[in-house]
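In what comes next, chain A is part of two complexes: it sits with chain B in the first one and with chain C in the second one.
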Partner chain A sequence: MQLLHHLAADEFKERLSRGDIPLRIGPYVYNLQSNVPSVVTGIETLYADFQLAKPGEFIDYNVTLECSGILGRLRGEAKFIFDNNSPFDPIPKGQAYAFLEWGMNWCVSLHTNEYLKLHAGAVSRADFAVIMPGLPGAGKSTLCAALGLSGWRVLSDEHAMIPPNTTEVIPLSRPVSLKNESIDVIKSFSSAAIFGPVSKETHKGVVAHMKADLQPDSHDAKSLQARAMVFPRYSKDDPQQLTRRRRTDSFILAAYHSFNYSLLCDAGFEAMKTLIENVDCYDLVYHDLEWALMAMDQLPELQSGQ
Partner chain B sequence: MTFLLAQLLLHPERVLELDNAQLNVLLSQGRNSRLLGSLAFEMQRVGADTQLPQIVDRHFQSARLIYEKQKQDLSYDSEKVRLALDSVGQKLVLLKGAAYILGGLPVGRGRYITDIDIIVPKDRIDEAERTLIAFDWEAADIDPYDDHYYRTWGHEIPPLTNLKRETTLDVHHNILPPTAGPNVDASLLFEQLIEVKPGIYTLSWKDMVIHSATHLFHEGEFHHGLRDLWDLDRMLRDFSARDPRFWGGLLPRAEQLQLTGSLFHGLNYANQVFETPVPAHILEEASSWSRALRKPLMDFLFLRALRPNHPQSRLRHTDLALNLLYFRSHYLRMPLHLLLPHLAKKAWMRRIKKNGAA
Partner chain C sequence: MKWRAHSPGRLYDADESTVVYFDSHSGDTHLLSDFAGCIMQTLTRQPMTTEELVRALTPSFEPDDTSDLSDLVTGVLEELVTLDILKKT
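What follows is the complex of A and B.
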């Protein structure tokens, strides 16, 4: 099994520049290409422990972030290219890394429908998987990052993928995306956190990604049983609490936070129903990460105690 | 001259012979040409879906699901448009993708659409617009010059959008702008409508083919070019198999609509790219339609534009061909004394907009 960091630095750069870095990411193989220095560094740092697919394996997504042409170089702009198309406007080179990560999310958001895809983080500890849907800004990525630095396995901070009519979640481990204040919050939470390039002035402000495959089984492809669904909400003012929430409300909110609930039509409804009927649902209001981690650690007991 | 996507659309069972690199190229070309849905249904039709590895078929499966959802949305939205038009006694006449899908035609299987195209008689288009706006379709917030351009020189009004449904409706009154060379008498189209669902109509089979060819060969941008050519292939095969008089009536109808040239281009390139069976005498007439000198130029342009934008299928000088076709489309749409001031005005507006934004 060859991992990305097994490649010598020169070979890595050379292969990345001509688009021959096929990485196994969850159930997919992404083939990456880039000549933008921050993107090269970012991939080298954050995907070091990802497995390289073997030559000739099936590639799901070809993703390129490239600065090319005289105009592109003069303007310092890079392009995201997928299937030889640029679906988005060129971006300033300084934001290229964040764009690579968004583009990689976009591939899954737009093109895969074999799973019910929730816009949610997913984490697990000792085979106890928790799905965490949340609006942008609800603090799910911050919580994912902190959990990842505290012994939990991060399955995804963006897509919880549920095979229809199961309560399983498919790992799609990638770096965790942190925005604005969350970056410093996590840096002060743990000095062990490894960050990729910082992208400034993006439409979401300052963005940096944290290496999140920190457990020995981080790249295990097997699905895990989802046992709980937690709706995190960061709030400075409200009292911190972990409370049960009704399944019906949770159904509606989770469906709202889904990428393809509506696209899957009846199958989407059935898939969501199976999931919600079999997991306990909670609201988690927090402002102190240590407290939130303690609350998350209690979940298995709460459940066995019913 | 052929490329992987065309081969596989025509012989979907061959997908099982492809290696992983070729499968990757096929998926890229399919997505890129907006033909993945059509390809996915072809795969399923020959049973290749169950024989492909799951990690490959999941991409086709996803395309099929996207199509099914789109079809459901289309049925719903069309019914709403039908109700609106019915309130003022107008028929809903669907064009292009929406017509293929709701008409239940093989060409509609897996066909992706970006908006719903409809046609109403020109003397009732103001009434249709007012009514649709009253029924929740919103007029786009566009520049007054563009609005004026649509209404004076266009064959459609500015697009209407249903914000809640995120659906766009293009309301046409003709299939070509009034300034284009051929002067199409659109009232002829309304004489041969087919009712595909209660109160929902499409053009006749011949008119659908002629419209599709006309649209394709007056188009300035070819992102959908190959997809439109595939439409033509599917329709020609299907209609000629089901109606023995189809070929006999097609050319006279095109002449009546003054659209023979576009139809001939369509037949010619469908035959070249997708091996569409066309009766020999018609094909001969079609390929000699372009004057001998122009034919190599036309082939140079269209055989480049009608390929997937992918390194494995692109020919040299494709950018040049696309640029020339872009100018050709404008030239076909308007005489130069209208076109040049229009392009100058648009360029000026873009400049102002850009400077204003900066």
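What follows is the complex of A and C.
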């Protein structure tokens, strides 16, 4: 099994420049290409422990982030290319790494419908998997990052992928995207956090990605049973609490957070029903990460105490 | 005049005060009161007049006065029409 960091630095850069870095990420293979220095550094740092797919393996997503042409170089712009198409306008080169990660999210959000996909973080500890849907700004990624630095396995920061009519979560571990104040919060939380390039002045503000494959089984492709669904919400003012929420309310909110629930129609309803009736649902309001981690650690006990 | 569901519909009842109703005609998902869910469940089996519906629901709700149930049913039916999951035929 060859990992990305097994490649010598020169070989890595050369292969990346010509589009020959096929990374196994969850059930998919992303083939990456880039000549943008921040993207080269970011991939080298954050994907160092990812497995390289074997030559000739099927590539699910061909992704390029490149700065090309006279105009592109003069303007300092880079563009995202997916399967030889540029679905987005060029972006400033300084935002290229964040854009690569968003583009890689987009590949899954838009193109795969074999799973019920929730816009959610997913984490696990000792085979106890938790799905965490959340609106942008809810504190989902910050919590994911802190959990990842505290012994939990980050299954995904963005997509909880559920095979229909099961309660399984398919791991799709990639770096955790942190924004603005959250970056310093996590830097203060743990000096062990490894960050990629910082992208400034994006439409989401300052963005940095944190290496999240920190557990020995981080790249295990086997699915895990979801046991709880937690809706995190960061609030400076509200009292911190972990409270049960109704399944029917949770169904509606989870459907709202799904990328393809409506697209799947009846199959989506049945998939969501199977998931919701087999997990316990909670609201988690927090402002202190240590408290939130303690609350998350209590989840298995809360379930076994029913 | 009978009340008819737009689609066969799908219901998720978790034994709470609300239920989830999926209308496959529109693809929309609704959070309904358990009473409204019971009405939809009844009407997805077969279209009914208001009187038939009240008669069908009476054993489940055992109202003191069936006119109270009739008023309640009428109000909920109008709301379900507004949600576009029910129609008059």
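Keep in mind that, in the parts below, the second predicted complex is superposed on the first by the 306 of 306 C-alpha atoms of A that agree within 3 Å, B and C clash if a C-alpha of one lies under 4 Å from a C-alpha of the other, contacts with A are read in each partner's own complex, and residues count from 1 in each chain.
Here is the rule we go by: a residue touches a chain if its C-beta (ideal position, glycine included) is under 8 Å from a C-beta of that chain, and two chains touch if they have at least 3 such contacts.
Since the structure is predicted, the reported quantities are computational estimates derived from the model, not experimental observations.
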Exercise. Do chain B and chain C fit side by side on chain A after the overlay, or clash?
Worked result: fit
For this session: Answer with first, second, both or neither: which of chain B and chain C does A:N84 touch in the superposed model?
Result: first
For this session: Could you tell me if A:E270 is touching chain B, chain C, both of them or neither one (first, second, both, neither)?
Result: second
Problem set entry | Partner chain(s) touched by A:V185 [first = chain B, second = chain C, both, neither] | neither
For this session: Have a look at where A:A48 lands relative to chain B and chain C in the superposition and call it first, second, both or neither.
Result: neither
For this session: Rounding in steps of 10 degrees, give the angle chain B-chain A-chain C taken between C-alpha centres.
Result: 70
Problem set entry | Partner chain(s) touched by A:S262 [first = chain B, second = chain C, both, neither] | both
Exercise. Should A:P27 be classified as contacting the first partner (chain B), the second (chain C), both, or neither?
Worked result: first
For this session: Mind working out whether A:L3 is in touch with chain B, chain C, both or neither, as first, second, both or neither?
Result: neither
Problem set entry | First, second, both or neither for A:V206, with chain B first and chain C second | neither
Exercise. Upon superposition of the two complexes, what minimum C-alpha distance (Å) separates chain B from chain C?
Worked result: 7
For this session: Could you give the residue numbers on chain A that contact chain B in one complex and chain C in the other?
Result: 262, 265
For this session: Under the touch definition given earlier, write down the residues of chain A that touch chain C in their complex.
Result: 246-249, 251-252, 255, 261-262, 265-266, 269-270, 273, 276-277
For this session: Name, in rising order, each residue of chain A that touches chain B in their complex.
Result: 27, 56-60, 62, 83-85, 111-114, 262-265
Problem set entry | Contacting residues of chain C [partner chain A, same complex] | 10, 12, 14, 16, 18-20, 22, 24, 27, 29, 31
For this session: Enumerate the contact residues on chain B facing chain A in the complex.
Result: 19-21, 23-24, 28, 31-32, 53, 55-56, 58-59, 61-62, 65-66, 68-69, 72, 309-311
